[in-house]
Amino acid sequence: MHQSQTIERIRVRYGETDQMGHAYYANYLYWFEQARGAWCRDRGFTYKQFEERGVFLPVVEVHARYKGEVTYDDWIQVKVWVSEVKRAAIRFDYEITNESTGKVCTEGYSWHVFMGEERKAISIPEDIKGLLNRNPEDFETIG
Amino acid sequence: MHQSQTIERIRVRYGETDQMGHAYYANYLYWFEQARGAWCRDRGFTYKQFEERGVFLPVVEVHARYKGEVTYDDWIQVKVWVSEVKRAAIRFDYEITNESTGKVCTEGYSWHVFMGEERKAISIPEDIKGLLNRNPEDFETIG
Amino acid sequence: MHQSQTIERIRVRYGETDQMGHAYYANYLYWFEQARGAWCRDRGFTYKQFEERGVFLPVVEVHARYKGEVTYDDWIQVKVWVSEVKRAAIRFDYEITNESTGKVCTEGYSWHVFMGEERKAISIPEDIKGLLNRNPEDFETIG
Amino acid sequence: MHQSQTIERIRVRYGETDQMGHAYYANYLYWFEQARGAWCRDRGFTYKQFEERGVFLPVVEVHARYKGEVTYDDWIQVKVWVSEVKRAAIRFDYEITNESTGKVCTEGYSWHVFMGEERKAISIPEDIKGLLNRNPEDFETIG
């Protein structure tokens, strides 16, 4: 697996805060997902294309460690990379840096299984393995 | 159209607040939706059953007027009723009362079109018209 | 009021879709909010700065008309402008275009009151009136 | 620590689904939070009261394992209990059962630190320790 990283910048929405004054913990999972989408596009394909051909990657496990605050209007950088690939599953790791402090504020990972049209686990198709192994430097990012 | 009302009680989640300290304005639309679901169940059917037979009710218009605060852990009562029915569309009206103050805090409405499997507008099927006209007193609420 | 417009591009998240296959209606209110934030930054200030000096703009009314579909991974453009200003309130109008179809898919507006630290309506402070009247061409967008 | 459990029933909202047809993974964190609130009320106090006296419990870590599907309109039962207490932190464990299948569909946990008004970690106040140790059978649930 080519462990190259993709970084997705996201600005925190007002509706993503809670009354404690920082981002509610569930929103990080939306940001993880947005970063996964960017990771695909950096390698010349989209997750949407996977679903269009009947391959789905539901999340089967997620973990997040919140180490620092994220507040409204902050720019965050979500660094994402594939840390492990099994026969029918893939793990993405995340590291979020808050640009307003320059510090890593969150770390996490998620496991996804490959699922076919019949909603059952499948081995990763060979051509998709090829996509996952792409070096982003060799491909144009999909806009 | 039988203009009987249904009332759905909802407790406000922490994640539904924002840094201003009250519920973020988009969450009311989730509450409207939950109340519509309860309205159906009060008349002995579910919206889920509509979709299972290929009838969808996407929202084509929504309006909300926020008159009073809703904060974390408040119980709210969402009163919902059908205020108008057209050939291929239906309007729900909402009135939210905050139990902690006893006052109406929000009013709103939403318009929905009836859509078939082909994702095109359809006239309201006759049997569904019958469901919509039911008097909740004559039917058992679906749990 | 200088009715210049700001356009904010947003890519639709997977978590913003629902089982009907397009964006759930409440998410548009998050996008409206993000566009309001961009409108401020285009004029050289931020909404965050308002709150830091004790001025809040809670939403008191919102309306949206959904005319076309928005699906996962679509780029949308939220055009936002101030359409009306009263002594203590301001109205933003929105027009969302789906880049994948080139068509306007949603129109809406929101009314906001100006509120001070004591959580009571206040007249718009003179200096803030000045900010709201700025021509974005004369100011540098805040990054 | 009294490891008694609380069970919170929640019905899945339409807006909590995604285009894959089941609940989006971030929503489980909202359900965990709702269950924590119910856990407190079962012991005669509320989390809201904690914040009113200046004690906050931000999440510092969360984990979820998704083992089965949750779909629109399903009733789920979120079982929650305190599995560990440290000097300044507390861990809640969760087990979600989907009533429509009768099976456990999700397991998870979250770690929370105790934080004071100055937004710094504090040892758990003695009286709060007492609240956390309460046997729900001895206390009336707060409505």
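For reference, chains read A, B, C and D in written order, and residue numbers begin at 1 within each chain.
One rule holds in what follows: a residue touches a chain if its C-beta (ideal position, glycine included) is under 8 Å from a C-beta of that chain, and two chains touch if they have at least 3 such contacts.
These numbers come from a predicted model, not from an experiment.
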- C-D or B-C - the one linked by more C-beta pairs in contact: B-C
- Would you identify the chain whose Cα-based centre sits farthest away from the centre of chain A? B
- Taking each chain's centre as the mean of its CA atoms, chain C sits from chain D at a distance in Å of 34
- Expressed in whole Å, how far the mean CA point of chain A lies from that of chain C is 27
- Distance between the CA centroids of chain B and chain C (whole Å) is 25
- Multi-partner residues of chain A (at least 2 other chains): 14-15, 19-20, 22, 25-26, 29-30, 72
- For chain C, which residues are in contact with chain D within the complex? 14-15, 17-22, 24-26, 71-72
- Query: Any idea which chain D residues touch chain B in the complex?
  - Reply: 11, 13-15, 29-30, 33-34, 37, 46-48, 72-73
- Query: Contact residues on chain D for chain A in the complex?
  - Reply: 19-20, 22, 25-27, 29-30, 51, 56, 58-67
